[in-house]
């Protein structure tokens, strides 16, 4: 155990002529709630994709929970304790809330096809374990009363909580949230902040967010990125007061 | 009245056949987001495999599953060597070119190996027609309809009840979310491709005795399947089945009571109407979540 | 830079070499056939005939004082745009001296627009009158025109078979429209009734509803006009499954083994007609059939025959005219002479149309057609 949930050094990513990341260094201690901010196109989502193993970096080293994520298929990374939600929320729209959670649980189930068909004890144990876990997760995320609703019918803010719930089914040790409160009203945002505090116990959480109030309320430290490069890493108040950060935000993101 | 009943029967039987081709297309589109222009070529492969296996001495009913296995094996080889590398996550533009090239290659290979002439695919149902209460029903068509309905029902059940089936549904709804739910998305995509191809091969094996085996036999059927899939909603399996029924019945009624020459246009008119009134298709999702 | 120098050198070499090599240079003939696509069977049959003709000509010492015939094949894939591309490629890239192209009428029409006034074009099989009606001086046709064939066949259907009412189904093409027009005319002069005409699009996959509809008219004769072998087989199977009709006929010149075999007996007894039949052949024709069968292991069909004749006629006319590229002279030679072919004496009229000496009524028997009646064409 190194004590670091994320250790990344000199991470680069090029898409043809576009350089999305120009050598980013990032260390996140285990158990922290860490922020990642920067104007649109700064490379935040790209960095998330690399940390989760969905995108392979063009250069640099990345270690998450001690794993060399660049060398592993994404679903393996996911099964070994890395969860993430997406900027454009993506639930399993046609399925109910409970089915959404079930989709995420197959990776942990151990029964065979035959046992499933025969409704054998192994199958029943797996299903019982799923039900217990699903009930707990739904309770935590405030979705218990919606468990039979189709995901597409949920309010937008609720869908974002569902996305978190789906991830919690695999009990991730680190959870990446990409702009989780974007598009939520104040009440929903406050609820979501409480949820993040609640689930942060025993895990590391990394948040990309344009809502500075949420960042300020949750994070002990933020990394500010501009144009694929890091500008500063500090507490939220001090980072936001940094002259380069002020310039970057005033220059490019005035409407946000 | 008799004419109407005969027409409705024709339409239902026709629809069952369309559904099989269309479901294969839509499963591949739903999970892989590629438009498989090689579907017709795999359809033809199914008919040729049946024919060759029958020539080797197997009876038709045994030749069908063996032929489907052969087509799936060819599909697997192409998936592992070309489709997987060239297509996944590359969007629909690349897929059109690559699958079109695959289809041309398969057709050329058939011409080289077996020749261009249409060949009969023997079936024990042959030309037998059953006359029930004055209505003529070809035995082969009844068999096609029964086999299609059975296979599609089994497939629907498998999607609902099995882990892999559920994972196919998950991937087709949201591939990235599925990946982070720990689902082996590449495996599910390969599996979906194989299933889609196998369905095309099965359709070819079933319809071969009716339309004979010839290299481009899949073209016309796949064009109909495309209208069915768009009508039902791209990627929606239930939609493909409903669309097939609508087009099958629509075509039969239109041909009998209105005009034969305009029937192919009917499918597209229905498609345009549906796209105007319900852009996502009869049972499609309002908006596809892409990456 | 280097490459360009090389190309220039090569061009020079060709210039220097050309005059000396000319006598031995082969005469290139461009062959446009459907080698793939739904009518690829015709392409295969035609190629056998063409290869045999070229081999015979070359074995006999070639033409124009020892020049061999070289056939250059291009695939028209059963589609007009591919036919046009094939002809263009043969003319510009391969620099052939004549084009033999013509199976399907719409494709041949498109191709003849490219060849008109530019190169000698012989159409072996396509029948539409429009092809030779456009006044193209260097265009010739081996097969009868559709109207000649249709008139004889439709007269036979109405007068000899004399049904009460005919139900017709056929693909919706320009060519079939002309055939239907002819049918309406000839039926109109008789007491036979036209119960219904159903035309379908090329993309149609199923014919049960059409046949159901035609049967419901109570017609006692079905007449199918379709040139695609696989579809022909499928249509007749479906007609058979719905109980068939008392009298059954299929359009002239389109019923080959490639349709009869996949129909698996469903075409048994269907009446059709053509300018060729293997059964009962004598003289030159019998010898042609024997040679062909020996070389290829299968008997020739109409397509093999007309393509064979086309190659022979082109080579013969060039030889007699003493030129491979003076098309006016070659065309005059073609019109001014009588050409001996397996079918007998063939001569071309002002429109470039040959008339077959005989016309045969066929009846599908087993895996081939049998001879029912013979007409001499006046």
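A, B and C label the chains in the order they appear, each numbered from 1.
Here is the rule we go by: a contact is a pair of C-beta atoms (placed from the backbone, for glycine too) under 8 Å apart; a residue touches a chain by one contact, two chains touch by 3 or more.
To keep track of the chains, here are their UniProt names: A = Branched-chain amino acid transport system ATP-binding protein; B = Amino acid/amide ABC transporter membrane protein 1, HAAT family.
Remember, predicted model here, so these are calculated numbers, not experimental data.
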item: Most distant chain from subunit A, judged by the mean position of its C-alpha atoms; value: C
item: Chain whose Cα mean lies nearest the overall Cα mean; value: B
item: Computed distance of Cα centres, subunit C from subunit B, in Å; value: 35
item: Distance between chain centroids, defined by C-alpha means - subunit A, subunit C (Å); value: 69
item: Length of the line joining the C-alpha centres of subunit A and subunit B, rounded to whole Å; value: 39
item: Of subunit B, residues touching subunit C in the complex; value: 3, 6-7, 10-11, 13-14, 107-108, 111, 115-120, 122, 126-129, 131, 136, 138, 141, 210-217, 220-221, 223-224, 251-252, 255-256, 260-261, 263-265
item: Residue ranges of subunit A touching subunit B (in the complex, touch as defined); value: 52, 54, 73-75, 78-79, 82-84, 86, 88, 90-95, 102-104, 106-109, 113, 116, 152, 163, 166-167, 169-170
item: Contact set on subunit B toward subunit A in their complex; value: 161-163, 166-167, 169-170, 173-174, 176-186, 285-286, 289
item: For the subunit C and subunit B complex, residues of the former touching the latter; value: 35-38, 40-41, 43-44, 169, 172, 198-206, 208-210, 212-213, 216, 229-230, 233-234, 237-238, 240-243, 258-259, 261-266
